[in-house]
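What follows is a single structure, written as structure tokens, with notes after it.
Order of writing sets the labels: A, B and C. Residues in every chain begin at 1.
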Amino acid sequence: MSTVLEVRNLETRFETHEGTVYAVNGVSFQLDEGETLGIVGESGCGKSVTMLSLLGLIPTPPGVIAGGQAFFLGRDLLKMAEEEIRMIRGSQISMIFQDPMTSLNPVLTIGDQIREPLEEHLNMVAAQSKQRAIELLNLVGITDGASHLDDYPFQFSGGMRQRVMIAMALACSPTILIADEPTTALDMTIQAQIIELVKDLRKELGMAIIWITHDLGIIAGLAHRVMVMYAGYVVERAMVEDLYEHPSHPYTRGLLGSLPRVDAESDKDLVNIEGMPPDLLTKPVGCPFAPRCQYVLSRCREENPVLDELKNGHELACWWDIDRHKPRYGR
Amino acid sequence: MTNYIIRRILGLIPVLFGVSFLVFFLIRLIPGDPVVVMLGDRASAEDVARVREELGFNKPLHLQYFSFMGQLLQGNLGKSIIHHTQVVDELKYRLPATIEMVTWALMLGVLVGVSVGVVSAVKRNSVFDIVGMIGALLGVSMPIFWLALVLIYALAVNNKILPPSGRINVEMFVDRKTGFLFLDTLLMGDIQATLNVIWHLILPVAVLSTVIMPPLARITRACMLDVLNQDYVRTARAKGLAERVVVIKHALKNALLPVITIIGGQLGGLLGGAILTETIFSWPGMGTWAYQAILGRDYPIVQASVLVSATIFVFVNLAVDILYAVLDPRIRYN
Amino acid sequence: MPFSTRASVITKKEQTMATTTDIEMLAQQGILARKPRSLWGDAWRRLRYSITARIGMVIAAIIVLTAILAPIVDPYNPKLDSNLDISRQPPSAQHIFGTDRLGRDIFRRIVHGASLSLSVGVVAVATAGIAGTILGLVSGYFGGATDMVIMRIMDIMMAFPSMLLAIAIVAVRGTGLFNTIIAISVVGIPNYARLVRSMVLSIREREYILASHMVGVRTPVIILRHVLPNSLSPIIVSATMGIGGAILTAAALGFLGLGAQPPAPEWGAMIGDGVPFLRQTPHMVFIPGMAIMLTVLGFNLLGDGLRDALDPQMRE
């Protein structure tokens, strides 16, 4: 199993008139071939910005990639020129977004939009790209693709539009598919369909997937490993079963606890995470989660915990040992 | 699509009728006897009676309207009270003069305005953007008759680079088939005359285009900025498309929709500006014709001018509506 | 309905910010969570922050002060001012802007012209605004036949080029300051009527209106208390820009000899006076034009700043 993507210490900031927004603060992770990595965290925690930074999609007047490296098949994405990275976008690394209503261009036909990456990256001519577009539509479950090529996005339902997005993203058989909350804007039943579709495609095409969501419930059946982010930091990372069985960061616990469970005792309340989302305009001293943490120590306010390996690939950034109820002294 | 066009055309009919009503009633809205208003207070009683008979003001109102509409549909717009010539004849001469100038001004204004707007949006906060927007602000704030005079002073009065008035050198002959001198000279094959026509067109067209150029630049910029921020533009970039494709094919097409709407709305200002421009450049068009007629109370000419310009306006708006539907599939399918 | 429907597109686009701050853009893209803010406090903050708005405020303030104070500080009777000995002098130490055809000091006439232009601008816009708002409220709220009739009339009015309509009104009523004001305000009414009507339509369906209805609040009260305050900001923006437009139209009418009659120091008329002497003494044409441009610029900048500051997008 080779590593397709290795990110080290990615830092992204936004220099605005009202101050510097510290969106991504030293994020590192690895992605292996064919692996599905889930990234979980609340809105604004930096998960999207991380991905957009990798692809050079951050608007660079306010945005600045302040540091780090991102090795894709041996080359550092962050050091690439625009023309180089443009070749990778849409062909080797594709991204799909949250809202299929607004993510497709309303005045272009879906056939046109699917054919664009084919003609741009694979140099197909019109006849070829049309044929391939129909195949792709078939692949994502839209049979009779030929008749849909000249349709416009507004003529489709949300679920179908998301399928079109997926077809577009997989057009050039990318190595990595980045999915930024693709099901959040959809109905529950449609959500399930799309997830099933992605799983089938994964089996068939074997691409690696980064799936971003704030919903821990989805990740369970989908990802191999999960990474939890907060305020631009990675706070916990583990294989998916391990994370669900032994969530070790107070934030992760909070996220899991706020999920309704079938087997929960009926008199147990849903756990709420107290407090407000972090203010990204100030670089925190100490752990960013400290203001909301019920286990907070004085050390937490002074020193930001480093991401440390516990065992079996389970990484954690926290000063508190939640299972043994005592502070964890860093190694 | 055809359905849509037909519906729109049908929708125009009430508006056109409304315009004809308004034009018909305009003179009668003035307190007092309309014929006296037309001829002035010092007209003799016989003159008043004669004109009243001539113009049919002595008949009951609805009959007047019918005869008005009847004559209209036959292409008879009446006779000038002052010059005693057929209004239609003068119209054939005046209308193309104005349309020629306005069309060129529209094209120039749209071309430059939209381009500046797009580039300003793409290169937001750059020197080009700032200079462009300052220029647009100044353009929107200046009286165009003043701009015309300044340019005339700079280029025509002392330096004679461009002519200060007229459509063509007086001594040149043109076989006026269409009334559009640019076309007529081309049809005649007289290139020198064509160049002369262009030479005369430059200043008035440039001045008139400043009526729409600055607002277009600002609105295009605003629309482009709005569109460039949209999710589907991000998707287009994420697909690895070239930036030029993203800007023109994905962004501009969407941004143009509201811009086109606004062009339609700016048309009124363009026609108004035409009046002033024609006055300053002694351009023999509808603007000066209507203006003199209004002051001279030459009612049939006023009536005809208002009718013609309103009708043109209405049809241009129709064209804009249809263009909008062509560009935006969502409108077509509804 | 060709014009009126497109009107709401124009309105919305005019509300699109020409200058978006970066934080707002980031918030729009879901990168930042938005903090709740109050509309007016926010608006004032953004107004102060924008350089162009500040410049506009300064210019507008200077013009307004000049217009108000001039007749008090320096009572001016133009009929008594002419001095043919010094006619058509270029700018000099005694006469900063030179003199005109009748030897009158142009600087003084410009200063007093401010009162004229500003009064036309403000009164015409206020009249058009109030009349248009009432029409828009009635049209939008009652709908049906009332709406159709009113909007058709507005459409027809907008089918005429505004200059032509203004000239026609002046031709009917005669020249002079008062009639100029009437002409310009009539021409401006459809703009406010459309604007207010589209605001009413969008607000009418909102839940708190329906709730108010159910609780038994009477129609006029609903209009006054709910609809009007919400429509206020686009009206204010349009009105500020409208003052600039009104001043330009008034100047055009003055230039054509249809406005305030000589010897009144109307800026457009002053330009008209200078045209025969363009070659020899261009200052007579240039200077009043610059005054017009500066004034209109000030109000346009202010209007722009207000539009950005009051942008409803931020509230949603």
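Here is the rule we use: a contact is a pair of C-beta atoms (placed from the backbone, for glycine too) under 8 Å apart; a residue touches a chain by one contact, two chains touch by 3 or more.
Source: prediction; values computed, not measured.
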Point to revise | Chain occupying the middle, per Cα centroid | key: C
Exercise for review: Select the chain at the greatest separation from chain A, using centres from the mean of Cα atoms.
Suggested key: B
Study note, to complete from the structure: In whole angstrom, the CA-centroid distance of chain B from chain C equals 23
Check your understanding: At what distance in angstrom does the C-alpha mean of chain B lie from that of chain A?
Key -> 54
Point to revise | Centre distance in Å when chain A and chain C are each reduced to the mean of their C-alpha atoms | key: 50
Review point. Residues of chain B touching 2+ other chains?
Key: 234
Practice item. For chain C, write out the residues touching at least two other chains, lowest number first. Key: 25
Check your understanding: Which parts of chain A, given as residue numbers and ranges, touch two or more other chains?
Key -> 61
Exercise for review: Quick one: which bits of chain B touch chain A in the complex? Just the residue numbers, please.
Suggested key: 124-125, 230-232, 234-243, 245, 249-250, 253-254, 257, 327-330, 333
Check your understanding: What residues of chain C sit close enough to touch chain B in their complex?
Key -> 1-3, 6, 9-10, 12-14, 16-18, 20, 25, 28-29, 152-153, 155-156, 158-164, 167-168, 171-172, 244, 248, 251-252, 255-256, 268, 271, 275, 278-279, 282, 285-286, 288-289, 292-294, 296-297, 300-301, 304
Study note, to complete from the structure: Within the complex, chain B is touched by chain A residues 55, 57, 61, 82, 86-91, 94-95, 97, 99, 102-108, 116-117, 120-121, 152, 154-155, 165, 168
Review point. Which chain B residues qualify as touching chain C in the complex?
Key: 8, 11-12, 14-15, 18-19, 22, 26, 29-30, 133, 137-138, 140-143, 145-146, 149-150, 152-153, 157-158, 218-219, 221-223, 225-226, 229, 234, 258, 261-262, 264-265, 267-273, 275-276, 279, 290-291, 294-295, 297, 302, 305-306, 309-310, 313-314, 317-318, 320-321, 324
